[in-house]
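To keep things simple, chains are lettered A, B, C, D, E and F as they appear, and every chain counts its residues starting from 1.
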Amino acid sequence: MYAGLAPDFGRYVIEYPFGDIYARPGLDLRTRLLTAVAALAAVGDSEVPLGNHIRYALNVGCTRDEIVETIMQTSVYAGFPRAVKGLAVAEKVLAERSGGQ
Amino acid sequence: MYAGLAPDFGRYVIEYPFGDIYARPGLDLRTRLLTAVAALAAVGDSEVPLGNHIRYALNVGCTRDEIVETIMQTSVYAGFPRAVKGLAVAEKVLAERSGGQ
Amino acid sequence: MYAGLAPDFGRYVIEYPFGDIYARPGLDLRTRLLTAVAALAAVGDSEVPLGNHIRYALNVGCTRDEIVETIMQTSVYAGFPRAVKGLAVAEKVLAERSGGQ
Amino acid sequence: MYAGLAPDFGRYVIEYPFGDIYARPGLDLRTRLLTAVAALAAVGDSEVPLGNHIRYALNVGCTRDEIVETIMQTSVYAGFPRAVKGLAVAEKVLAERSGGQ
Amino acid sequence: MYAGLAPDFGRYVIEYPFGDIYARPGLDLRTRLLTAVAALAAVGDSEVPLGNHIRYALNVGCTRDEIVETIMQTSVYAGFPRAVKGLAVAEKVLAERSGGQ
Amino acid sequence: MYAGLAPDFGRYVIEYPFGDIYARPGLDLRTRLLTAVAALAAVGDSEVPLGNHIRYALNVGCTRDEIVETIMQTSVYAGFPRAVKGLAVAEKVLAERSGGQ
């Protein structure tokens, strides 16, 4: 997306989150990704980033159950509508993965 | 708080979150609490619940670093102001705990 | 949706909101549904739940005017964009109903 | 507040919400105020306006139960932390009123 | 949209924002529109109003760079997902305009 | 704050926002700060960062009127309660400055 419109943003979106934050010790990568999924589902209006982070979480070995549980729990902290919305995103991403087998 | 005003709410706030959600398998308790901290910091306007969940997280063995990293990461997903606010809550709770030694 | 992905969530989404909260005395069902519509429109990112609650509100006898007034009022408390978004959801749901006559 | 800083805003905050919206037929005043309380509790970061609207709701005859039920219900649509926060505001306002007897 | 459903709302959405607020001195129109774009991108769930305000901003002479910079900056104050979402809206609107040449 | 708890965060909060974003051409510094004030007021739960950015805005030559107008406008995009909250922050910061004369 950013190629024409905002080429530097394509770099920022990598550099600070992944270069600085994700490279830090103190939180293992699986837990980082589950807490990221939790934050994105709670914020609620971020289907594309939430879908991407579910994919990253699967890639580093988070289980399907861990991801679903993390998003269901959003119902407590940010209300049922955001949990419903997050589960809809998870359903699509998890279907892609199963479909690929 | 709820004793006089809304006595049943005191039960609901335990029953659904802790009776139903926290009792589920699929996510270990330490990860549940870190993802809860992530969701609360992202939602942002929840100092009391965030403080309580940081205490619960410490009680089940999450490290101070894991909690701080989880909240710092909020800067990526919900902006710097919410990370700053969450870290201020963490600072108070962690100071209570250190002060008790 | 939840059948495969999160079967228990399909139960939670009924049990706490409808089993516990909606069954309570103290607020008549029409007012419960209008206040639910108000909350969903204010939260803003919940088209599917907002649409469903508009349907429930119509089913228990709320008028089309009451629903539209409730959503218009969101402009005061959560800004014009959320009122606009909520009215777009209402327009679809009300058109379905009229179309059925 | 607005006297020195933003004198016209003091007029706007009355004119559009109360002059235009609250004067409309289609929703009785008690229901308007309960839906306003619902929207303010859902938005969550509005202690002063929420407190004021609870006072207005009491003034037009809403019961203490109706107000408490409306705010408890926020737990479903915007999560438990916002319901907790709203109930804390209600508790203060309702205590003022009882104290005055 | 409002013609059938909520005809007065079509007037309110003009009167208060444009009749009252935009007519005020103290902030030139270009800056008003850039700050409106900033607020809409930060609120995040308002694709239609954000798109419209980007068009208005272009109409009063804001540059493409000013608009893109304003939205990129949302990453700092409301997180990367909202900046990403805002840039996607900007991309569509700016493409329409370029396509018209 | 971050000295003991999260020393690197003190660096991040400067580096990305000010090192990367604020250093960019395409938006003059006065407009950058007014759009930052707009975003912070719209996000709503960020008294400390909003206060700081009002101070920075004054430091680079934004007028008191420009700041007040920017925050008043939040009423349109994020509702009256956030405008009220933002004006309360502005009032404190502007009083400090006047008091210093």
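In this section, a contact is a pair of C-beta atoms (placed from the backbone, for glycine too) under 8 Å apart; a residue touches a chain by one contact, two chains touch by 3 or more.
Only a predicted model underlies this, so the values are computations on that prediction, with no experimental measurement involved.
Chemist: Can you tell me the least number of steps between chain D and chain F, where a step is a move to a chain it touches?
Modeler: The least step count works out to 1.
Chemist: Looking at A-B, A-D or B-F, which pair matches B-D on over half of its contact pairs by residue number?
Modeler: Looking at which residue pairs coincide with B-D, the repeat is B-F.
Chemist: Please identify the chain with the largest separation between its CA centroid and the CA centroid of chain F.
Modeler: Between chain F and every other chain, the largest centroid distance is to C.
Chemist: Measuring between Cα centroids, which chain is at the maximum distance from chain A?
Modeler: D
Chemist: Where the CA atoms of chain C average out and where those of chain E average out, how many Å apart are those spots?
Modeler: Here chain C and chain E have centroids separated by 27 Å.
Chemist: Using mean CA coordinates as chain centres, what's the chain E-chain F distance in Å?
Modeler: Here chain E and chain F have centroids separated by 19 Å.
Chemist: Indicate the whole-number Å distance between the mean C-alpha point of chain C and the mean C-alpha point of chain F.
Modeler: Roughly 35 Å, centre to centre.
Chemist: Please output the residue numbers of chain A that touch at least 2 other chains, ranges allowed.
Modeler: Residues 8, 12, 16-17, 21, 24, 40, 43, 45-46, 49, 68, 72, 75-82.
Chemist: Among line, ring, star, complete and other, which best matches the way these chains touch?
Modeler: Looks like everything touches everything, fully connected.
Chemist: Which bits of chain B are touching chain F when the two form their complex?
Modeler: Chain B reaches chain F through residues 44-45, 68, 72, 75, 79-85, 87-88, 90-91, 94.
Chemist: Give every residue of chain E touching chain D within the complex, in rising order.
Modeler: 8, 12, 15-16, 20-21, 24
Chemist: For chain E, which residues are in contact with chain F within the complex?
Modeler: 16-17, 21, 24-27, 31-32, 34-43, 46, 49, 63, 65-66, 68-70, 72-78
Chemist: Which of the residues in chain B come into contact with chain E in the complex?
Modeler: 74-82
Chemist: Would you tell me which residues of chain F are touching chain B in their complex?
Modeler: 1-2, 4-6, 8-9, 12-13, 17, 40, 43, 45-46, 48-50
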